[in-house]
Structures are given as C-alpha cells and as structure tokens.
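Handing you a structure now.
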Amino acid sequence: MTRPPTPLPRNPRWRLGTTGLVYLALVLLLVLSAALVAARGGNLFTTANTVDLLTRSSLLGFLAIGQTLVILCRSLDLSVGYVAALSTVIAATTMAGDPSRVLLGVGATLGAAGLIGLVNGLVVTGLRVNPFIATLGMGLVIKGYLDTNFQGPAGAVPAAFQAFGYTRIGVLPVSTLVMLGVAVAAVLFLRRTRTGYHMYAVGGDAEVARLSGIRSWVPTVTAHVLCSVTAGVAGLLLAARFGTGSATVYSGGYELEAIAAVVLGGTYLLGGRGGVAGTVAGVLILATLDTVFNVLAVDPFVKDVLRGVIVIAAVAVYARRGHPARRVRFPSGGTAPPGPGTGTEPGSTSDPGSGSGAGPGPDPDRGPDHGRGPGSAPQPLGGRR
Amino acid sequence: MTPTPTQDVRGPGGSGGSRGPGRVPAALAALGRGGTATVALLLALIFVVIATQNPSFFEGPPLMSFAKKAAPLVILAIGQYLVIVSGEFDLSVGSLVGAQVVIAARLIDGQEAMTLPVVGLMMLFGLAVGLVNGLVTTLLRVPSIITTLGTMLILFGAVRYWTGGAPTGALSESFRVLGRHGIEGVPLLGELPWALVIALVLAVGAVFLMRSPFGRSLVATGDNDVAAAFSGVRVWRVRTMAFVGSSLTATVAAVLIGGYAGVTAQVGDGLEFTAITAVVLGGVVLGGGRGTVVAAVLGALTLEALFTLFNQLYMPSTIQPSVQGLIIIAAVAYAARRGDLRLPERLRRRPDHPTERSLGTSRR
Amino acid sequence: MRVPRVLLAGAAGLTLMLTACTTDTPTDSVEGAGLTPDQEWFDEAEFEAQLAQRDITPEGPEDQPWLQAIEPEWIDTSEFVHDAPEDATLCFSNASVSNPWRVTGFITMEQQVEALKEEGRIGEFRVSDAADDDNQQISDIQAFVDSGDCDVIIISPSTTATLTPAVETACESGVPVVVFDRGVNTDCMVTFIHPIGGYAFGADAAEFLVEELEPGSTVLALRILPGVDVLEHRWAAAQKIFADSELEVLGHEFTEGDGAKIKDLVSQHLQRGEVDGIWMDAGDGAVAALEAFEDAGQPYPVISGEDELSFMRKWKEEDLTAIAPVYSNFQWRTPILAADMILSGEEVPSEWVLPQEPVRQDQLDEYLERNEAMPSLHYAKFGGEDLPGFPEAWTER
C-alpha cells in the first residue's frame, strides 16, 4: 500500500464522460425550451431572459460548487443556506453603508463562513458525527443565533458593493463571471493540487486513502471550509442584491437545491466521482427551467411539480445511459460483462452514475489497491436496484 | 455478509418499556453500548430534568398528552428507519403528510359517512407514493435523495394546485378521533390516547418485522446490497417495500396529525428532517445496515422530549434551535466516541476489498 | 479513556441544560417575558401614528373600503397617461401565494383584473411568482423592466427592505410602479398601498385582552415566525400595551402557524397553570389553540385571532369572547384599481393607507353570513363580493 493513489487519470475521464452527458442534456433542454417559448410567440434568448437565467445561476452556482467539493469527499453540507443568511447579515452590518468598509465586510464575512466550515469539518472528521447531523445541527445553531439577534433586515450595503449584484458586461452579469471564475478555480484545485486529488481518494474510499498515507481529515476539512466560504460568497451576492442583510433567507431551501444541482451535474452522492464542471451544467439546467417557467408564466404550484418530475427524469436518464442492456437487479453485481474498459474516451458511452458499467475486471488505471472496483461500487444513499 | 443479530439485542420488551421512567436503569446499564444506549441515556436525562422542573409531568394526563403529541413522529421514525436501514433516504414524508391531510379535508368535507372511504383512499395513495419512490429508486436507479426530493416537490405543488393554494373542506369528527381522543377511564392514566396505542402496535410490529426474514433481508441489503443480492435477496423488491412502508407510516401519521390539530396550511412542513434526525439520533447509520428500530423510536421520543423540555424551561423560542442543534451533535458525537469506524463502516459494502470486510466484521 | 469521556459528555449535556436554565431566568421573571418592546423594532412615533389612524375617518366611498384612503396626499399622475388603456400591460411581481391570506387576496386581485378587462380599461395582466425568494423576486422585477412591455409594474415585496434596489431599478425605467403590502426603503414608487399596519393590528388585539380580562390574568402570546418585521411590529405594539396593563404575559412562542405545534404548546402551558387569554400575531391555527383548552377540559380563553373564517366560525359556535383583528385582505384589489387610475392620469395618494378595522362581536354574524359559502381558510374582509366572479372564483378554486 505504498503506492500513492492516482485518482487523476481515472477520474477526469469519468468526469468528462458524465459531464459531456450533462452538457448534452443542458443543450437539449435549451433547444426544447427555446422551441416551446417560440411556439408561444416568445423568444427565450432575449437579453432580459438571458440575464435572468445567468443571474439565477450565479447564486445557486456558488452554493453548488462548494457542495460539490464536500460531496466528493463523501460528506454533505446542509448548513449552506444558514451560512449564506448569516453572511448577508455580517456583510451588511460590517459595511454599514460605508464604501471604505467593503473590503472589511467581505473579509469578515468570508472569515466567519470559513470558520463555520472549519467547525463543520472538524466535527465530521474529529468527532465522527455523521455529516447530515453535524451540518443540520450547525444550521440550527446559526438559525437560533439569527432568530435571536435579528428581527428584520439589518445593516446596509454601499452602492459600490451592490454593483456585484447588478453590474453586467453585455449579457454576462459580473456575479456569473465570478461564479465561473470560482468554478474554474475549483476545477484546477481538484486537478492540480494534492489536496484536490486526495478529495477524490477520500471520497472514493477513506479507509484505503488512509492506508495509502493520506490524512483523510485534511481533504474533508478543506472541502467543508471551502464549501462554507462559497456559501459566504453566495451570502455576499445576496447582500449586494438586497442592499441589506436579511436573516430570514435561510428559509429559501438553498441546501437541497444545491445538492440537487450537484447530483444533476453527475457527481456521485457518495463521493469520489464527479466534478465541478458537471455541477455548473446542473446549475444551468435548474436555472433554465426556472427562467422558462417564468417566461411561460407557469402556475407556481405546477412549477414545483414540473421541477420534481424533470429532476427525477433527468437523473433517471443518466442512470439509464450508464447501464445499457443490463439486468437492473444486479447492476453492480459483478457478473456483468466488462464495460467500456480502459479505452473509454469522453465521447464514447462512458459510465456515469453508478459507474458499475465495467465488470469486476481490474482497471489498470486504478490499481487493485484503490479499492473501488467498478463492479462493486456501493450505492447506499442512491442505491439503484 | 450474513444478516446481523443486531436486531435481537433489544426485543419487543425494549419498545414496551420505551415510555416512562422505568427505562432509566436499563439505559444506565446499557451505557457504553453504542447508539441505542446513548439515545436511551439522553432520553432518561431529559426526562429527569423535566421531572425536576415539573414533577407532575409523570402523572397520567400530562404524560399521555406528551405521548399523543409524540406518536406521529414515532410512527414516522419507524417508516424512515425502514428506508434508512436499507441504505436509502425518504425526504418526501413531510410533503406526504401535508398532502394526505389536505386530501382528507377536501374529500371528507365534513361528512361523517366519507371518513372510512377516504381513509382507505389515503392508504392507497400512500401505497402508490411508496411504490413510485421505491421503483424509481430501484429500477430507474435514481438516487433516493433525488427521487424523494422530487416526490416532495411534486406532492407539495400538486396538492396546492388541486386546492387552489390553501386547504379547503373540513375533517369529520370521526376522522379526528384517532389523533385527538382515546380510551377513557383508564386507571392512573386517565385517557389512553389512540395515538399511543397505534404507535405501540406499530413499534412492536416493526420489531417483529425486523426479526423476520424480510427484516433481515432489509438490513443485509443496507449493509451490503451486492452480497445480499448474491445470497438471493431481491434487493429491488426489499427496498421498494421499505419505501412503501415509509409512505404508509407517513399516511398513518397524517391521520394522527390531522386528527390531533385539524387542517392548517403548514401541516407536515419540515417533518422529513425531524424524522431523519430522530432516526439518526437513535444511532441508526445513514447509508444503511446498522441500528435498530427501537433506537429509532427512542430517537423520536428524545426529540419530542427535548421540545417539551425547552418549553418546560420557558426557554426563549428563538434560542431553541441552537440548543437543539448542539444537543443532537453532542449526542451523535458521543455515540460515535469509540466509533472507530464511523466513516469506514459505510465501506463494508464493498465485498472485493478484504480490508473493509475485516473492518466491518471486526465491529460485530 | 472511555469513562472520562462518558463523564465529559454527560457533564456537557448537563451544562447545556443548566445554561439553558440560567440564561432563561431573566426573561421569565415575575414581570413576564420581555415586556419592553425591543428598541430596534419599536418606533414610538409610528406606533402613535398608527393608533391615531384607527380613529380617522378615511376619504372615499364607504361601501368600497378598498378605495378609501386615510389622510391621503394626492399626487398628479398625468405623465403616465396611456392612450389606449385597453392595450396596457400590467405586470405584477408577487412575493408568493404561500399562505391562505395571500391565496385569498390573489384570487380577489385576479377577479378585479377580469372586471377591468371586461370594461376595456386594461389589457394584459402578467404575473411572476417568486415563491418567497427575495433573490428570485429581484430577478422577476428586473425581467419585467428588461422586457420593456410593462405599462405599470405592481410589486408585493417578499421582505421589507430587501427589494429596495430592485424597486429603484423599476422606478428608474420610467414605468409607474405600485408597491403594496410590505414596504421598501424608497419613495420612488408612484404609490405605496397598505392598511394601517402591524402596530395597529397588535394593539387592537392587545387592547381587547386588557379590556376583557381581569387584572392579574395570564396571557399567552402565539407568534408565527421571528425576524419578519411586519409581524415584529404586531408583537412590539402588544408588548407596549401589555406592559402598561395589569396582565401577566406567560411568554411568547413561535408556532410557524402549524396547528399541531400550537396545540402542543398551548396544552403544555395549560398543564402548568391557567391561561386566561391568548394573543396571536396571525389567526392561523387559532382553532387548534382553542381545541387545546377543550381537550384539557378548561374554559375557553379570551382570544384574539384574525378574520380567518375557521376562527370566526368557532367563535360563533362556542360563543367565545374574541376579537378578529384584520390585516385588510381587500388591499389586493387596490393596486389594480390604482394602476387603472394611473393609466388614465387620475390622481392617486402617494401613500395610500387603507382602513383596517377589526371584526368585533357585533359584526360577527354579518361577516359570517356574507361569507357563508366560503372555505374555512378564507378571510372575511376579502372585499370581493361585488366582483363578477363572486362567489365561484373563491369557492371553486
């Protein structure tokens, strides 16, 4: 077990495969939506609608990018909505409408958010509290703090900082550019840094990662810190758009939406597989849906129904695509014929979702000690038999 | 991996004693034996504090009133346990409870004669939702968090669309009997709530269910679905049944909650998280294969007792979430204190890895 | 190693509870829970102003309260005259229809739109619903502005203050803007429509309890959510009035409007002592609160609810001592009528304060009769009886 884990050669390829599929779904959705809107005599790609679509993606994007990192480590963060709410309040009260305090406000917000992430990460790794409970509990703690101390909008964001929420270059809102920048940074972080590799390793198999000499808490804690920081950025964006801090935005259900975007983007809920590029597509898919519903003035309750159906259907399609002609009862049963194997390229039908397309055969890219024989991929939370 | 004997550690007797202070010594004796012990200890501790604040709490009526309120969550926790122990999640129960109450109010519309047919219909609807959740998760291989998040949205939207945004109609008096009334004139207790009777029956039933071949298959599936499949378990069927069980218990909970307090627009909101928290607080491991149904029931009681405690202490409402958050984290951390394997235990399901196997089995 | 940890955890748990005890003591001392309104949310001048507004006779037709205004300051809107109002597009950014009060109001609004459409006074009515998401609503308003199709933009903000920048953007586009229900921190809109306000609501309820209850009686306050300023105002006013009275406030609880939670909380309070009065910041679940008294075998309290029919019907059935403060639901008609006035260049009040009168015992029968066919989560003062869709639009939804 001295061989360092080499998730990189395998993971990017897998990721590209699924990511390709997600982007394909996004393009299909855009085409379909445009046709549908056109049939009603409208145009989906007016400046207004495009700006609307991109703006919607920024906020969810920040939250989902961070969530991706956490999920890759086989953790979960249900506190992001509360962190974002807390961040709006910290930002607005620190800035107090004074342009010279913008930097201070941003620093304080991200610092506090990072600290919360650190606590989350340490509770999950050090105290071994299930991340679901750890982050839900953290969310409740923050909720209590906000409810006790803020009885309405608080603080003020100077006009200079509101620009973050409203300025745009052509049809591209600045916030979307920043979000894409963060996404690129996250992709580079995952591919180019040691901690980034290790996130895949830990998520793939913490025990093996540990035996391979990775201190498995480092990537997990890092992921939690980064996730909270991106939630903090989301809070900054909200504060910039509101012009004030609003403690009650936690009721927006952001955490589940972010998780949905991540899974929609092809990241495996149990860690180890997936990536930020797919998440961005997942975010864009959800934002497109919202924009189209808005343009078509769909009844708000029907909206929820459609959202539910489409998200399930989309993920079902990935799962299908991943398992052509196999007995569904034992998709990971190990007796299946060898999958696309090592020659798989992004373009070909690679193996998203459960990754169990490949048989139990050894995968030279990974080595047996990597402990994640594709034939044995676990599917607990998202089991699919 | 063979089905584990975990279920047998605590039999129905455990659940029978799960109410009242009689459990305290047992819990203390069991100290240090993992999740169930932790939650039992915590529950005992909370009851002790309540008793010091309000000694009359353990006289019949207040205790029965607590039981009446706690019963729906206990029932939801039993259903959620079935799903979680099989390695899945059910986020749709809160929406389902809300939907069922609204459906009941709209269809019954105050007419006594409609009560039974509508309750029957609700059961069928619950069955259908469970089947959809289960089949989409197993056959279409959609991760259950997405499936049930989807059904949560669908139920939430559809039922509001159907009633024009806010509940209409009214429940009948007979519909409300189960959630609101009980058997009168019981010695010591005063009134024995139907809700408590139903919760007890379901809890005992669940304990027996978990000791049956089906229960073993369920745990085996959550523990390691591949191995379970190899040993002849029809994994998809077992998991689908778990989802059906969860939706049916949610339906029963809806009958009790609707009966207890009538129809409000917010009924059922957020119950999914409370139910999952209850189950996990009981030491049941998300990811499956670990934990007992008794522990899940204790978890539910503990959460309800905690809410009662907050109230008894006149704790300011706004601080309650913070304290609740700290206590559940502390309790789970405490249960995991020698949980050398909290993370790795989820890896046991990979049969091709000898290390994991040994880690998994060493725990037994 | 393990034993100390066990002790540690136990100690930690105990500490938690003990700290909970001690932090709690000051607020729940003899004087009752926090009787001085929080400085942050108590605006004495505004409080006095709202209380005074209750006694001012509003201008406008008496049988159409939605067109009445209290001390209006009329402003000229001739710059917004539309040549062909029958082609005019009204754009409405709605915060949500996530509670029965908003559902009822929105139906009334739609019916008002239908009525004006039939008269050829307005053309299209576009709605976007933000599902209580402030950020979404900012996008919605932006989309209306960018589309360039709107002749009037009507906004019902999802949170006070947070939509200020978006409303300002809408104003800057030159389109007349109408804001109603909750406010924003700008006065750039043509008119801001709202009933008297939260202080008056809370005061109506609290004054009734003070009047009806013997000195020394106990009152329990049930609130929906913390942090929503319109609801905080109701409570702040009540705190002010209770503080000047002889009543003992047992505490205040947040219920999220959930019947089960309300019933449980009230039951627990009843286990520990008498509750003579219930003050609510909104009527949701008032019936559940009353049932807790029934189930405990205790006499009904003096109660303040809201003009929601389930509560008013219970009031009649059980012959309660009660009041239904009103947050005038008919205000949902006014923005459409205001838009119509603006498009025809008529004057509108810059701040359009609608009357807000509680339903008292003597009017109970009248309002119950008028709403006989309506569902139980309907609001008595919805003010849509003269619209063409009445009553089917509200009953058959």
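Chains: A, B and C, in written order; residue numbering restarts at 1 for each.
Simple rule for what comes next: a residue touches a chain if its C-beta (ideal position, glycine included) is under 8 Å from a C-beta of that chain, and two chains touch if they have at least 3 such contacts.
Treat the numbers as computed from the prediction; the structure is a model and nothing was measured.
Trainee: What's the chain with its C-alpha centre farthest out from subunit A?
Mentor: Most distant chain from subunit A: C.
Trainee: By raw count of C-beta pairs in contact, what's the busiest chain pair here?
Mentor: Top of the contact-pair ranking: A-B.
Trainee: Determine the centre-to-centre distance between subunit A and subunit B, using the mean Cα coordinates as centres, and give it in whole Å.
Mentor: Going by mean C-alpha positions, subunit A sits 29 Å from subunit B.
Trainee: Roughly how many whole angstrom separate the Cα centroids of subunit B and subunit C?
Mentor: 35
Trainee: Pull out every residue in subunit B that's touching 2 or more other chains.
Mentor: In subunit B, the residues touching two or more other chains are 165, 316-319, 323, 326, 333, 337.
Trainee: Listing for subunit A: what residues touch at least two other chains?
Mentor: Only 147-148, 300, 303 qualify.
Trainee: Indicate the residues of subunit C shared as contacts by at least two other chains.
Mentor: As it turns out, subunit C has residues touching two or more other chains at 97, 226, 254.
Trainee: Please name which positions on subunit C make contact with subunit B in the complex.
Mentor: Residue list for subunit C touching subunit B: 2, 5-6, 9-10, 12-14, 16-17, 20-21, 23-24, 27-28, 33, 97, 99-100, 102-104, 106-107, 223, 226, 251-254, 256-260, 262-265, 267-269, 271-272, 284-285, 287-288, 291, 295, 375-377, 397.
Trainee: Residue numbers of subunit C touching subunit A in their complex, please.
Mentor: Within the complex, subunit C contacts subunit A at residues 38, 40-41, 96-97, 126-129, 131-136, 138-140, 142-143, 145-147, 159-166, 169, 185, 225-229, 232, 254.
Trainee: List the residues on subunit A that touch subunit C in their complex, please.
Mentor: 46-49, 51-52, 55-56, 59, 146-148, 150-153, 162, 165-166, 238, 241-244, 246-249, 251-252, 290, 294, 297, 300, 303
Trainee: So in the complex, which bits of subunit B are touching subunit C?
Mentor: 31-32, 42, 45, 49, 54, 56-57, 61-62, 65, 69, 72, 163-170, 180, 257, 260-267, 269, 307-319, 323, 326-327, 330-331, 333-334, 337-338
Trainee: Inside the complex, what are the residues of subunit A that reach subunit B?
Mentor: So the residues of subunit A touching subunit B come out as 74, 123, 127-130, 132-134, 136-145, 147-148, 205-208, 211, 216, 256, 259-260, 263-264, 269-270, 299-309, 311-312, 315-316, 319-320, 322-323, 328-334, 353-354, 360, 371-373, 375-376, 378-385.
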